[in-house]
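Below: one structure, written as C-alpha cells.
Think of it as A, B, C and D in the order they're written, each chain with its own count starting at 1.
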C-alpha cells in the first residue's frame, strides 16, 4: 500500500504548518557591533522566491539561538505542534540543539503527524553562500512524503530523530550507527 | 507497510543519479549580446553550497533550451535513465517542455525507478532571485521518498506525470483537474 | 591651484543630480517570456546599500534600452541637465549608445557642470555578477571630483566624451587613440 | 590649471597600488564557530566583476581586524606606501581604526602621493547587502582624481584625514566640523 501524502489527498486537503524558532537560518549581521542577531524571519520571502504554491501557515514561536533554548521554549514548540490542525509540520531551528528538540518532540508522542526540523549552517541573509534555501526546499518535500514521525532534514537528507547527531567538526549531520 | 526509500536502505545502498539537460536552470547572461546562453552547469557548485552529503553521480546529457529539444534528445534521456544503475534519478530540464519529456519517460516503462524532473523559472546564475536552489532541494528529497514512477517537482510540490500542466500565464505548474 | 569639488565646498553646497534613463543597469528578467524588460529602477536601493550619505536627487527621465533611444529622448536628457540646479550630474544609461549621448550633451555646451554617464554590462538584478554597483560607486566619486565637462565612467575609469569608444567584442570602453 | 590625474597622464603612466590590510571588507563567516574570520582577500575577484581595466598591483600586507592593529602593523603600511612606485595608493582597512591609520600616514609626510583608505560595514562575502563593492568603486575613482594627500573614502564621499570621524552609532563617517 502506497503512503498517500496528505497534501496531495484531495479530500480534506490541509496546509503545511511552518513554525519558526530562530537559529542561524534567520540570523542577520549587525554592522555596528559586528555580531549576529535576529530581526524578522526570511521564511515568507523564501517561499515567495521558491514560487511555492502549497498552502502554508507560518507562525513565529520564538527567535532564539538553539544554544539558548530552554525547557520553556521546547514546551512551546511541543504545545504548538500538538494543537496545530495540520499533520505536516516544518520547524526551522538552530542546528546545535536540533537533535535535542527532535527527541523531546518524539517523547511527546504526537500521533499522526510528520514533523520535520531543518536549519542552516550559514544565514540566509548572507546571500548565495547559504544552505538555507536548499534545506527549506528539501524539508518542504520530506514533510509531504515521510510517514508520521519526527525527522531532521539537513545536507539533502532526512534522519530519524533517534539515529542522528551533528558532527561538530564538519557541521554535517550523520547517522549515529551504520549497522545494516 | 511503509515505503522504504532506497537511499536510506543500508543493504545495497545506491547513489542518486543526476542528469543535466539544460533549461533556464543553467542559463547564463551573455553581456555582449544581451542574450541567455549555456556554458557550464552549476549543479556541482549547488550541491556543494547545499552541503549535500548524499552520494551523487552527475552527468550532463545535453545543454539545451527545452523548446529546442527534439526526439533524439529525448531518446538520449530515456536511454540514460534505463541504463543507469541508480533507482533514483533527478533530471534538470527546461520548464516549457518538461511535461512532454515526463510523458515520454513514463511511456518508456522503466521499471522500479523513481524519476523526478525539475527546473527553474529564473537562472541560478541570476543570484538570490532564482528558484533553482529551492527546487533542487525539493527534487532531491522527493526522489528519495516517492515510489517508482515519473514526477515533476516545481513550486515546492510534486506532480504525477499524467496530471500536470504548466500555466503559461503564471509560470507555475498545476494539476490538470481538481476532481476528488 | 587645486580644483575644489563642489560637494565639498561648504558655501552654497548642492546635491548631486541623478538622472535615470534605463539601460542594462536597470533591466529585469521576465520569467514568463525569458526576455529582459524594465520595471522600476534599483538606484534608490543601491544608494541605500552603499550607505551613501551625500544629498542626492534621483529623477527617472525614461526607462529604455539605449539602442532604442531617439532624438526626442536625447533632447529630454539635454533639457534636464541644463535646467538642473546641480552642477554635478550622474546619468545611468545603456552602454551601446552611451558615447552618442555624451557627444550630444557636449555639443549642447552646458556650462559649469560635470556630467558623468555610467551603466552596466550585467543587470544589477542579476546579483553579485553585475558590475553596476561598482560603476555607481565610481561614477559618484568622479562626478564630485572632475572639472566641468562630459565624461563616461566604466571599468573603474573615466573617459573624456571625445576620446572613447565601446569595444563591441570585449564590452569594455577604451580610449580611441593612445597618442601622447 | 586643471589637475591631471596620473593614471590618465600618458607620459610615464603608472598603475594603481592596492594594499590589503583586512577589515570587515574581507571577513568570512565560519559556519562551525559562528564567528567571523579572515581567509583570502576578495579584491582580485571584485576588480574582475567590476570589469576594471586599470593596471593594478594588489599586495596583501596583513589580514587583521583594525581593532587589533598595532604600531608594527601601521609601520608596515607606512613603509609600503613610501616605497611603492605608484603615486596612487588604495588601502582596504577596518573602519574602526581607519582614521587613526590615516593620521599616521599623514604624519609620515609621504610626498606626491594620493593615498585613499576604504573599507566596508558589511563583509563582501555576505552578498548583495555589502557596501564593499560600491566603496571600492568610489575609492578607485577618488584615488585617480584627488590631489596628493591622505583621504578616507566611505558613504560615497571622500574625507580629508584631519576632518573625519566615524559615528559609532550609525556606522557612517562624518566631517568633524561643519564650519564654512
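One rule holds for everything that comes next: a residue touches a chain if its C-beta (ideal position, glycine included) is under 8 Å from a C-beta of that chain, and two chains touch if they have at least 3 such contacts.
Fair warning: this is a prediction, and the values are worked out from it, not measured in the lab.
Summarising the inter-chain layout, the chain whose CA centre lies farthest from the centre of chain A is C.
Between chain A and chain C, the centres computed from C-alpha atoms are 46 Å apart.
Per-chain CA centroids place chain A at a distance of 42 Å from chain D.
If you average the Cα atoms of chain C and of chain D, the two centres end up 24 Å apart. The set of chain A residues touching two or more other chains comprises 121, 127-129, 171. With chains as nodes and touching pairs as edges, the resulting graph is complete, every pair of chains being joined. Of all the residues in chain B, the ones that touch chain C in their complex are 24, 29, 31-32, 34, 36, 121-123, 125-129, 168-171. Chain D contributes residues 1-3, 7-8, 10-11, 46-47, 49-54, 121, 127-131, 133-142, 144-147, 153-158, 171-174, 178-180 to its touches with chain C in the complex.
Those residues of chain B that touch chain D in the shared complex are 127-128.
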